[in-house]
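Below are two complexes that have chain A in common, paired first with chain B and then with chain C.
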Partner chain A sequence: MLDSILFYFFAGVAVLSAALMITRRNVMHSAVFLVTTLLAIAGIFLQLHAEFLFVTQIIVYVGGIMVLFIFVIMLVRLDVAIHKMRFRLQKFVAVLVTVVLGLELFVILHSAGQLPGGGLFVPGSANPDKLAPNSEKLATSLFSNYLLPFEIASVLLLVAMVGAVVMAKNRKRTDEP
Partner chain B sequence: MMSPAHYLFLSLALFLIGCIGVVTRRNVIVVLMSIELILNAVNINLVLFSRVFGDVAGQVFALFIIADAAAEAAVGLGIIIAFFRNRETVLADEMDLLKW
Partner chain C sequence: MNPTAQAILQFLQTYWVELVCGVVIVAVVPLIAGYVVLVERKLMADMQARLGPMRVGPHGLLQPIADAVKLLIKEDIVPRDSDAFIFWFAPVISMVAALTSLGALYFGPAFRVANDINVGILFVVGVSSLGFLGIILGGWASNSHYSILGAIRSTAQLVSYETAGGLAIISALLLSGTLKIQAIVDAQSQYHVWFIFLAPVGFFTYLVASIAETNRAPFDLPEAESELVAGYMTEYSGFRWALYFLGEYANMIVVASVATTLFLGGWLRPFPNVHWLNWLDFLPVLLITAVGAYCLYRAGKQPVKVQAGFMWAVALGCFAVALMFLAPWIFAPLRFALPGLNGAFWFLLKISGYIYIFMWLRFTLPRYRFDQLMHLGWYILIPLAIVNVFSVGVAMLLESEFGWNRWLAMMITTAFTLAVSVYLVHLNDKRTAAASSATAVATDSYAG
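Presenting the complex of A and B:
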């Protein structure tokens, strides 16, 4: 009972603030609603017993990525075209295509739910409570089976950092004679 | 635990909202935010199946997706700042340097 109340609370907050995020004209409001969505998704992670991802989601997304977004929003002057509306036809077509995609996926998920076992092939030994000490399991798996992807991810982050610094740098023409 | 279908439909809803945001908004910053939303919808699926199958690999991949999202946001926002410095705009339909 408590489980379902928590699920519907977090899911409702996530979907509602995601819908508000893409409809607000003011970009700063969009950013704040995105923070709300990300926190609600972190709650969903916690409900799925992924404690480490819950903490990571809050630290990395809300503490890191969103701060970056808000810095950029404040650096960039946005008041020029907030109230301009154009591309009515494109917007209509885009929403239509997305709704068709949504119906398709909905039908797939719904008809899969009619199959025995909800359409999921669950191995007989799978026990949902096997993941109890979550951070420990995650660390063991990350540093044994997935060590190479982990190292590659560190290289990726380094490349992204260097790339972002190079692109956002203010190029002064000091090298010209 | 709720049935897996509940989480799948939540993930589907967030994914579709993100798609609508990507294709309808003109502000590139909001488009980037919608991409973050799509990545999070995928993460919900990964964590859900990690729990259903009792295998921690899904959470490991969700972790990699979070790292990728951070890298993507950093590079994307760097591009936006560089573009804004050159053209004084962040609207997608005014980015037409390659159009002739």
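Presenting the complex of A and C:
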């Protein structure tokens, strides 16, 4: 009962604010609604007893990436930039992407229906008290089974970070007389 | 009875403790924040040899309530060119983020809202950092240069110091081996020592980072009065301004609680495992009784009748609280409440000490310049925090794998960290000197 109320609340908020995000004219309003969407999805993660994913979603996406998004929106005058460069093939690409995404979703949902669980999300299907704490499990599998991919990903991120710093530095040096 | 009412009843039966604690937090934290402001003004007055607020109530004790009433009935101005929706919404984010993160904290073994969630400390840190969305959106929506500059400064500061703060937290998490708040405190009780003694550099890093995260002096650049009027709050007035202010002070309570839980032993009393110090369990009662007795003594000397009466009231209140603490010792059936009461006392005492350090620093140190702030964050604090995580890990490894004495391993690694910090400060000094001499040369060439 409570589970399904909460699920429909979070799902409703996520869908509604996602719709609002793409329909708002003001970029900052879009950013605020994106934050709401991400928070609602974090709530669904929590309901699925994925606590670590829930907190990571809040810290990384809402606390980190969205703050940077808003920072960029504040510093760059996007309303001017948007008028300057209009994307001409926008409608065509949008329709294409929508069709591909819809097909993908249909295939996923259809094949998920064939699985023994009979669907993607069955509330109350597992007893949460009997599950092992998943932050420990996540850590163990990341640092034992998937150590190499994990390290490769971190090196990749480090390279990206260093690259960004170098690019920022270079431009500063040429700007100075 | 219809099923809906039954479901609601069942919900209330399951979650009544959490609901009551949540309502207490939402109701009491603003009041506490108001009194923290009063304490701050009184302390500032004391350090500057003034009296501070004295008019409203005896020794200004009713000042926070008068301030709240004034802010509530003040005209609420919304600038004409502001973004009304975000302008309305931003202070709410600040306040809600701070209160929500308080909800996951433990103020004692019994007083908590959320059941011990698996990622408790991460939740607190993550949600309290959401308050910055309120600051940056408020600054943007005000459509004013001062506000937007304050908001940008504040974001830059957050991004820099949250990294250092997060790394400092990791050093304590390494020692406890868990993210659960209750288990972190239990680990400190098992180690027989608070983590501040095992990871002193981690605590210091967190202290500095938390001052910067709460925008307090000497890092209060987002609201530097002499430069930016009031920073992101410039265009706000009345109750919205009060929400920002409350959010800020609630955030102070949050960082103090996190530091207390991680490094200062949470709700454990000093030396929790030393039996001949068990009389410390009576200390809360004794202290509160002593304060009450002092108030009684002072009541006779008050020149004004109202003040004497107020002193009497305070004394009686203290005695009532002391009786509440004493009751479990007298009536055995109430024994179960004892750890909770004592725990809450020690926890609040440690939080107050931490916040006192904040105020002390604010009245002692002058404000940093913005580039100095960034240099301190990126060139000193973050590398230091990384080295600290590394050396805490090495100390634990030396102890568990090579059978070293814990204190020896800890001291050697801490000495290493301190040596690195001295080197970092030296490097930063050299960099600053080089930069200033370069500027001097440039100026000379222009002058010539």
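By definition in this document, the second predicted complex is superposed on the first by the 121 of 177 C-alpha atoms of A that agree within 3 Å, B and C clash if a C-alpha of one lies under 4 Å from a C-alpha of the other, contacts with A are read in each partner's own complex, and residues count from 1 in each chain.
Definition applied: a contact is a pair of C-beta atoms (placed from the backbone, for glycine too) under 8 Å apart; a residue touches a chain by one contact, two chains touch by 3 or more.
None of these values were measured; they are calculated from a predicted model.
Legend: residue contacts after superposition of the two complexes on their common chain; A:L75 is shown touching both chain B and chain C.
Of the two partner chains placed around the shared chain by superposition, neither chain B nor chain C is touched by A:V100. Contacts of A:L147 after superposition on the shared chain: neither chain B nor chain C is touched.
In the superposed model, A:G113 lies in contact with chain B only, and not with chain C.
Looking at the shared chain after the overlay, A:V165 reaches chain B, while chain C stays out of its contact range.
Residue contacts after overlaying the shared chain place A:N26 against chain C, while chain B stays out of touching range.
In the overlay built on the shared chain, the residue A:V55 is in contact with chain C alone; chain B does not reach it.
Looking at the superposition, the partner that touches the larger set of chain A residues, chain B or chain C, turns out to be B.
Look at A:S4: by the touch rule set out above, it reaches chain B but stays clear of chain C. Across the superposed pair, chain B and chain C both touch chain A at residues 52, 64, 68, 73, 75, 134. Contact residues on chain C toward chain A in their complex (touch as defined above): 7, 11, 83, 85-86, 89, 117-119, 122-123, 125-127, 129-130, 132-133, 136-137, 140-141, 148, 151-152, 155, 158-159, 162, 179.
For chain A in complex with chain B, the touching residues are 3-4, 7, 11, 14-15, 18-19, 21-22, 27, 30-31, 34, 37-38, 41, 44-45, 48-50, 52-53, 56-57, 60-61, 64-65, 68-69, 72-73, 75-78, 80-81, 86-87, 90-91, 94-95, 97-98, 101-102, 105-106, 109, 113, 118, 120, 122-123, 125-128, 130-131, 134, 137-138, 141-142, 145-146, 149, 153, 156-157, 159-161, 163-168, 170. Taken together, the chain B residues at the contact with chain A in this complex read 1-10, 12-14, 16-21, 23-27, 29-30, 32-34, 36-37, 40, 43-44, 47-48, 50-57, 59-60, 62-64, 66-75, 77-82, 84-85, 88-91, 93.
Of all residues in chain A, those touching chain C in their complex are 1-2, 26, 28-29, 32, 35, 51-52, 54-55, 58-59, 62-64, 66-68, 70-71, 73-75, 133-135.
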